[in-house]
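Please read through the structure below; I'll follow up with questions.
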Amino acid sequence: MELFTNQVLAGIATGAIYACMALAVVMIYQAIDHLNFAQGEMAMFSTFVSWQLMQWGVPYWGAFLLTLIFSFLGGIAIERLLFKPLAKAPILTNVAGFIALYAIINSFAGLIWDFTIKQYPTPFGSSPFLGSQLISTHQAGMIGVTLLLLIALYFFFQFTRMGLAMRAAASVPESARLVGINTSWMIALGWGMAAAIGSIAGMLIAPVVFLEPNMMLGVLLYGFAAAVLGGLTSPLGAVVGGFLMGIFENLVGTYIPGVGNELKLPIALALIVTVLVIKPAGLFGRPIVKRV
Amino acid sequence: MTAVQEAVTEAPAVEAVPKRAMTLGTGSSLIMLALLIMAPLFVKNFIIFQLTMLLIYGLAVLALNILTGGSGQFSLGQSAFYAVGAYTSAILIEHAGMNYALTLPIAGVICFAFGFLFGQPALRLSGVYLALATFALATAMPQLLKLGYFEHWTGGVQGLVVTKPDAPFGLPISQDMWLYYFTLVITIAIYIFSVNLLKSRSGRAFMAIRDNEIAASAMGIDVALYKTLAFGVSAGITGVAGGLGAIAVQFVAPDGYTITLAISLFLGMVVGGVGWLPGSIVGSAFIIFVPNIAEGISKGLSGAVFGVLLFLVIFLVPHGARQVAMVAQHLFGKLKKR
Amino acid sequence: MTAMLNIKALNAYYGQVQALHGLEFALREGSVTTLLGANGAGKTTTLRAICNMVRSTGAIEFNGASLSGRSTENIVRLGIAHVPQGRGTFTTMTVEENLQLGAITRGDRAGVVSDIERMYEHFPVLKQRHTQQAGTLSGGEQQMLAVARALMLRPRLMLLDEPSFGLAPLIVRDLFKILGKINREDKVTILVVEQNAQLALELADQAYVIETGRIVMSGSAAEIGNNEDVRKSYLGY
């Protein structure tokens, strides 16, 4: 029993990574009704930028803030330049665009910073949290930041005009235009915000998985899975989904024999799919009744 | 969590390609056929091998086109079916001493069953959820192939070497050339089968489901049956392609069938034009040759160059090669009128 | 006659199909005008063309300013509110959020708050349900919400696309009464497109009849209502 509790707790700690990434995924899904496969790469690139700033002597929080701004603007730029022209193209073509973006960013990161693994600092230190051997202060910090982000996003969407406008634009774009909302810019904003959130995820994750161009692939997949599990329309679901993913992953690794690192992901994904078959809209998603 | 009503007025995720536009006209088909028959006569063996791979990946993209462009189901998991087909052929040839040609229908049938079975739980999923499920399948496959339990059959991480067949009846052509024509015949047969499938009642059922699943079901179409059938057929064709691939490459190994393959096939479908069967070969050409071109342009930034080239293609022709064909047809029609 | 909305030589297209052929009409400021026609005649297309939601050529002028080339949202910001066919309710948001969205382009917070109160006075049932998800409202209630949302813009011109569609006659009567009140008290010019000719003609001052993308008749509501052909085709007697 103690092993179980320990693994659950450890799972929550690692799950914070997925929760943070899942928030970015849900953010962009709200804006464009789609999963952006290049999001992990964008987060990775932002993290490298922050690392570079620190190499040039900028202190941690300064680099953090600058990277946040860079990511926000970068996300908007990418949307305006690369995806606005594809707005009228079929969805599958847009997906191909995401894949192309992935390839471009990954390649550039590899060229600029090469593929050797780098250390990345954490502002929270890595001593045991409150004396516990399972959660380090960094992991506690991750959970804290993720929860803060969640609250901030909730506040933004529920209580601000911009948040309301973004929700409207994503929900019924034609009606949003009929109340005067520039839906095209709402999409750009969604991208910017998703990029910013993704950069936070990257900067929190890097101390744990170490900084290298391919660091985000596994994380992104878990993030997607977590977002889908939680229900793609719910930021709360994304966070809960993330923690659950972390727990699943740990329990699967501990209790199912013969499962090495490589099989953990497919099994976790299979579990997600099982949940979806039972609850197609995810745990917290709103089931949508379609009238023909 | 109240259910919310939403009128399905938005466009279906996969756009409908009008039936008569789904294939080439007779003239273009004959020209294409002539080109394919004559191509290997003028080039070296290695190029012939590449042409064979062109046909093989073309088949895999075709299979995906039937699934996505035909029945509207997303799949990022075709690499799994390809792998099963490849390994089936390899194991039958190497461990059971079976004639390579016979392994192909077996690979096809096994993959059909596999796809049909996978289609069952996938029935309740659509869009991104189905994409995720098929993605899970694709990531799992290489790991499953590496598992210790199967190592005796699969050769584990190192895989299996497959013997390349000679031309039969002592024909004076190289192994590569024989394999090319063998593949070509199979490709043409499957192509004709697919075209007819989509024109048939089943094909119409697929497309009805693609365009509006609820309406299709209300019209009495057995949605569950046709959706799983589409998965099965698609998997079966991909399995045959996988088998051919194993024979052509002379080698099967788990890391040759990763998610990268599944993504490439997806890109091939988009570049060729979703739902446009003849485009499959254009898509196949893209995924075989463009990465090499990209690497030729810049070794360090090959990924970025590939991405840029892909963007160029989708900016210029968002509907893929089909769009080019339609423009060409339009211009040709105008010229004829003069 | 000060024409608030002036439409000349309007052609509209759905892909290759032409839906409107050289449409021409004008709306007098402060009037209620109805555009009558059968299914497929082009009524909805006309409203959509005004808001640039469909490809069109021709000249549309609103208070002297040309609308061509402007995006839908910019046309709306000029003061044109459009209640679309099917209402276009934000089904996943609450009634109150829908009303707030109607006023999202306005800067005066206090004005918005008092306007919401006024909408609740016009439509008490909305006040009852103001925290409910809009998608759970009945058809009639959603129609009222759609009208209220449009009014939150404080529009100069309101376009309504078949507001009676799918609603019980009593509810439609109530709705049209409120529309009349809004026209008189808030000085909102109204263009209402309807298949239900009877009620529309009772509410309107001016009427146009559209058939296969062309205006075939125009005049005061009374004239059109008394017209032999209109009575036979649209009023059933």
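We call the chains A, B and C, going by the order they appear; numbering starts again at 1 in every chain.
The definition used in the following text is that a residue touches a chain if its C-beta (ideal position, glycine included) is under 8 Å from a C-beta of that chain, and two chains touch if they have at least 3 such contacts.
Predicted, not measured: the structure shown is a model, and the values here were computed from it.
Farthest chain from chain C (centres taken as the mean of C-alpha atoms): B.
Comparing chain C-alpha centroids with the centroid of the full set of protein C-alpha atoms picks out A as the closest. Per-pair counts of C-beta contacts peak for the chains A-B.
Centres computed as Cα averages put chain B at a distance of 50 Å from chain C. Rounded to a whole number, the gap between the C-alpha centres of chain A and chain C is 43 angstrom.
If you average the Cα atoms of chain A and of chain B, the two centres end up 31 Å apart. Under the contact definition stated at the top, the residues of chain C that touch 2 or more other chains are 91-92. Residue positions 2, 4-7 of chain B each touch two or more of the other chains.
Those residues of chain A in touch with two or more other chains are numbered 286.
Of all the residues in chain A, the ones that touch chain B in their complex are 34-35, 82, 85-86, 88-93, 95-97, 99-104, 106-108, 110-111, 221, 224-225, 228, 232, 258, 262-263, 265-267, 269-270, 272-273, 276-277, 280, 284, 286-292. Looking at the complex, you find that chain A touches chain C at residues 161, 164-165, 167-168, 171-172, 174-183, 286. The part of chain C that touches chain A in the complex is made up of residues 51, 53, 71-73, 76-77, 81-82, 84, 88-93, 97, 100-102, 104-105, 149, 153.
Contact residues of chain B toward chain A in the complex are 1-8, 13-15, 68, 121, 124-125, 128-129, 131-133, 135-137, 139-140, 142-143, 146-148, 212, 214-215, 218, 263, 266-267, 269-271, 274, 300-308, 310-311, 314-315, 318-320.
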